[in-house]
């Protein structure tokens, strides 16, 4: 199948091999899940459409496919039901209701890696008053994952208000000049408020990896 | 010289002919100023570098060249000295100190057309607390001209907080992913906060024209 | 569902919360409509494909789904049947027959906000003589919403001919170098005729919000 | 010098070899001019800055450097002084005063090839009334070269009003969203008015070549 | 339906109103065809997918829908069957077999306007020897329409070999860096061989309009 | 059908005519295959979706359609089953499992031309240790075809480690900022490690053609 | 001067106000430095060309202008002389010698904020063996700032090899397809190796701010 | 100075370390040249403007600075004087006279590496007859480096005519839609004629490295 799974990735980098589902044939997906399940037990596949996701869930009945974030997991304890925590070392803040799939991808990945994050949803700049009640708890986090489509202004606003480093995740929510997420990505990268770094469009997974590495280093150091 | 000045523009559109200085030869600029001065008396030339601007000021000693906004005027009563008004029908709000040239271009043009605007400078989202004291007065304006470079988030924040229509002016302030103003322009166009429309990058002149037309229609109607 | 509806938006900004339908799950759409209907009664959802739109119309039988502009409304008195007014404070002018969906989105939103606009359709620059009979009435409006795809030249022509401020709406009508609306958007932004500001591609909603804010300020002031 | 001049081009294509001046060293320019002068006598070099242009004029005192269009000629009878003809088989129409260098490049090239064109300048869409008096004569031409920067709307307007085929020449006049001429180029290419074809940005030379070929074919046919 | 058909276009510009089919509802298409058929009798609709095209053919049984070029006609005498002429005043030359839909759009439009063109297909630069036998006849044409996707080199090659003016039509044939036709369009615009002008990507209609206007002017003059 | 197959291509260039399947009608594909089969016997068609591919396989039962690389062949001896060779004059190295379709397109084309390449799959920079065991054999090849999506870093790493010239093939694997393969393409083109040249996105065919030409010249010379 | 310095930024966000030097007039720069020096004593100005930088150094003789990174500081203890530390909580790794200005901007900013980083220079992927000796110490850091121009592959390679979170800084080093840093930026954003987030092109300042916030949170937590 | 020269590069990759001159300070350049001269004796620095190049030539009087290709060399035997060979294993073909700097960069680099190439200049598609006399000798080469700006059509034409693999080098010669070389680059990448691979814009160095690696492998194999 042309697959060469990286079983030592967790040891080398602190993040286990996670399967990138997009563009793989079902045959490749089945092989990858079976192989990983046999070695590292818990398995995560990202960016799966309903068709491939349901096929995996049928092939591996102990696994679950989460349609909103497009994830398949096996042997992990991912739990996406809300209410979500309003306070955690890693807080996920999303700007609009349509950003939820990306927020849940980040949420699930952090859970998969072993950290339970918090999540505050739909508090974008069109109505900033929705954000302010959450600020005190947000400001206590170690790292923020801030998710926004359209003009992507929420990371800038938060970076000007609190001392927590922010991983910005631009989303493809919007139309026309949002350019499928290019615009919020560019906006976050050129923010006038320092303390923001950015991952790929819709990349909840990448933000979770980065945040988990930051949290892991902290724990390692403080011991 | 290939020039065909539009002497009836003020009557047709409410905005008199203003000379676009960039890319014109000195010969063309002298001809245009002389011609307009002879007809409509007050003359405005925009987007003039120091070299062309000073040449005009030498040729027409009664005129003045303003280097920061790159404007030359003759027979008008433009006055750019601060303190600027904190309250006016048309309020200009700028995000950063480096946006001043564009803010002053808008300011001077409105004065040239016959309206004295207000101006609040350097209140961008990196420190939103600088904006809040001005909100009550800003919220009484008829129209806001909101100027921002980098990620261009200030119009979004203001549109979510007050009922005044906003003309966003993206600026070329920034570097790298600000793409010489393309990024704040795209961001303003795809804002999640409704009530914003946008003019060209660094186009203080265009924002002033639009705002003046809005103010003019209002007065006409109320009489 | 990750939704946090902004019930105070109308009071703060003069424009009530309108649901952005694209990218939301049916579950999210039902929740949003039910929630808003319970609070502010009249509800508007924009950018809905036929599938989601009809599902909403089935779930809320008192509501209506308008397929051409992709809108769902509840408890409002939107009426899109023509003949449309040829004279109004806010006039909508569209360039081509294929721009009608965007024109009707702007039309419906203004009605939803409480203003009945006028609408003149298919008077683009390929046959300018179609525009001229409407000029006298157009010139009396307080604000124009001018909609055009392809090269987007209509706002420039109108701005040179009348004193009314123009909100340009570029559309994705065209192919190849129209770049899904990027070209008319860039063209409107760099118009040589002053008095134009621009909203996002196909954004009839945004143009209506801006125009309504302009009209509201005028009324407030004249009282 | 790495040069291989195409002496048979005039015979093959009807357009003699013209030297592209940009990016050539002075050594290369001198060699090219000397070589061509020895063979086909009349010589034209385009896109020359003042430095290279004056060097050529000094080296070949019988030649002339025209600074506005950036051209050097030898042994031809180019004459750029106005008044220009208002009627001709090939009419050049330019939108703004700053488009003059491109208009004169087209003008000079047509003269060099043996045709005397007409030229009407600064009649862009910001004041269309300036165009209308010229329409009757323009409509009698065999081909129009229509030059415009910024939003490039003039070709669309003309194509809707007269039966003459139009070669659109976008110019780099403008700033910000005019994207150095990309915007008027895209706009002309996606015009809703049929009968327009387009050449490179600022390419007065190319428009003249195309127009001359059209005129030549006509003459050939009518004999 | 928001339609305002331009019945006087043929008289003004020499090209009758042709309906742009893309993005119009079936209701709009039926109305437009019925309206035009009642006035100018022969009707042409372009850019129609199979669904809309077949619906028109069913509604108007005397009309015909041509699926390859996506055209519907009524009361005209379009005939696309080959063999096509190898010699004509307007010659259409296409580079690859997959460019045929665009070539036939140009072919049909010229026939609709009243001129029978020639057509030589699949003679692109990957095998230039296929082009050479056609050169003598091609070189006698009054105008060439040269159609190419991918790198779009065929117009350059032809412009260097013959004295006929060339209208280049870039096509969306290709993938990856052909950028849906942007690359051949840019290539044709920046050709080193003079005598080429360019229309929109896949725009056989536009090339035919331009060519027909050129041919019409020629005939007018020679009488 | 507008087809003009290039039967002499193999003789002129060393690479026989291969049919580009995308955008051709079934009628055109059948004609092309029948025509080529009658002349040069072995036939290859690239870039075929399942629908067109299966139609060809049904029409020509002796042929085979390979769905993963989207190829149809007739009378050749293409064999894509692994294990693949780990050593060969032309080695194909692919970065991720999802790049397999492109790797197999290159593989099949080389086989079709008469060379059996090697293939090492899924050894991208996320886990470079997977590459190192293959380095000694890779370093003995005459040419490498290195395939990578996302950031496209694998060619850079290999070019820094071994003396074999590399043909980089960027793929459209990825999302967001991978820009459908534009990003790895740009990255490979601007590599800091010399010895890389690049073909079109997903263009396994083009890489195979180039590599085969390199191998052919070598053999010719050494005799 | 239109300046409104944010004196409370250090308290709110942990990062004191730093003056963005580009595009400010000398008058504005003098005012800003004087104002900040009077309040928070130590002052940092970024992105200063030699002209403005030397003017500041002359106006404030106790300050220093560092030409390579384009920084001016007053009352801080920035020291850029090497040898630099090979081990630190925040390690800066740069790919090429020409990336030094950006590396030193990050270095100086971290020192200004109170952290002494390490720096390893010129260890890019063209010669990966230069990197390997540093890996053990690099792997002990809490955060890496990895700086690369051209194809920007170094962050990917490092992320695959060690567990430290990486802030990627794309630089404008390169030409052509490096697109002034857009290419390495896109490449870092779409890396196949998880654990990377990205800041603006050439933005050593932004990387330092983000890293310092990460380090600060860690210290706060461990106490 | 932040430099870490890669002394083992020649052994690993067959191409010795060559200094990238752009963006390095004079201090860095002097250090690099001195260091390399001490180890590998012959030194090459690329992409040097006249200022830096002359400074190097003054510091190292035995070295030479070649202004046209912007190269500095020490202890090598580079000789750029023409006549150049018309036949060689590696033939450099350039389209226009203004492409000479890139052609000479490739020429000098190949000489530096130990191979004397041939060079045929100014034979672009505007006058293809200039190319044909050279075809027999060109067709005997092992590899072609084909250099073209503007529309970059020359590699396509050559790939259709001869069996030699082609390394295309797009140049920044041109203006407007040549997009500083992006257009010929895209065109070469999407050529319909197989057997072309492409390097960065103006990258004569990269083409020479690739060609030299190809030639080296051939020799190794044939022994």
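By letter and in written order, the chains are A, B, C, D, E, F, G and H; residue numbering begins at 1 in each of them.
Everything that follows uses one rule, which is that a contact is a pair of C-beta atoms (placed from the backbone, for glycine too) under 8 Å apart; a residue touches a chain by one contact, two chains touch by 3 or more.
Note that this is a predicted model, so its numbers are computed, not measured.
*Asks:* Could you tell me which pair, A-G or A-C, is linked by more C-beta pairs in contact?
*Replies:* A-G
*Asks:* If you average the Cα atoms of subunit B and of subunit F to get two centres, how far apart are those centres in Å?
*Replies:* About 56 Å separates the centre of subunit B from that of subunit F.
*Asks:* Mind checking the centre-to-centre distance between subunit C and subunit D? Centres are C-alpha means, answer in whole Å.
*Replies:* Going by mean C-alpha positions, subunit C sits 42 Å from subunit D.
*Asks:* Taking each chain's centre as the mean position of its Cα atoms, how many Å separate subunit G from subunit H?
*Replies:* 35
*Asks:* Which whole number of Å gives the spacing of the CA centres of subunit D and subunit G?
*Replies:* 49
*Asks:* Touching two or more other chains, which residues of subunit F qualify?
*Replies:* 9, 12, 20, 96, 126-127, 159-161, 175-178, 182, 185, 189-190, 193-194, 200
*Asks:* Would you please name all pairs of chains that touch?
*Replies:* Here the touching pairs of chains are A-B, A-C, A-F, A-G, B-C, B-D, B-G, C-D, C-E, D-E, D-H, E-F, E-H, F-G, F-H, G-H.
*Asks:* Name, in rising order, each residue of subunit G that touches subunit A in their complex.
*Replies:* So the residues of subunit G in touch with subunit A come to 9, 12-15, 18, 20, 89, 142-143, 159-165, 167, 185, 189-190, 192-200, 205-207, 209-210, 213-214, 216-218, 221-222.
*Asks:* Enumerate the contact residues on subunit H facing subunit G in the complex.
*Replies:* 1-6, 8-9, 12, 20, 22-25, 28, 32, 47, 172, 180-182, 185, 200-203
*Asks:* In the complex formed with subunit F, which residues of subunit E make contact?
*Replies:* 68, 82, 94, 96-98, 100, 103, 121-123, 126-127, 129-130, 173, 175-178
*Asks:* Okay, in this complex, where on subunit E does subunit H touch?
*Replies:* My answer: residues 95-96, 124-128, 149-153, 156-157, 159-161, 174-179, 182-184, 186-194.
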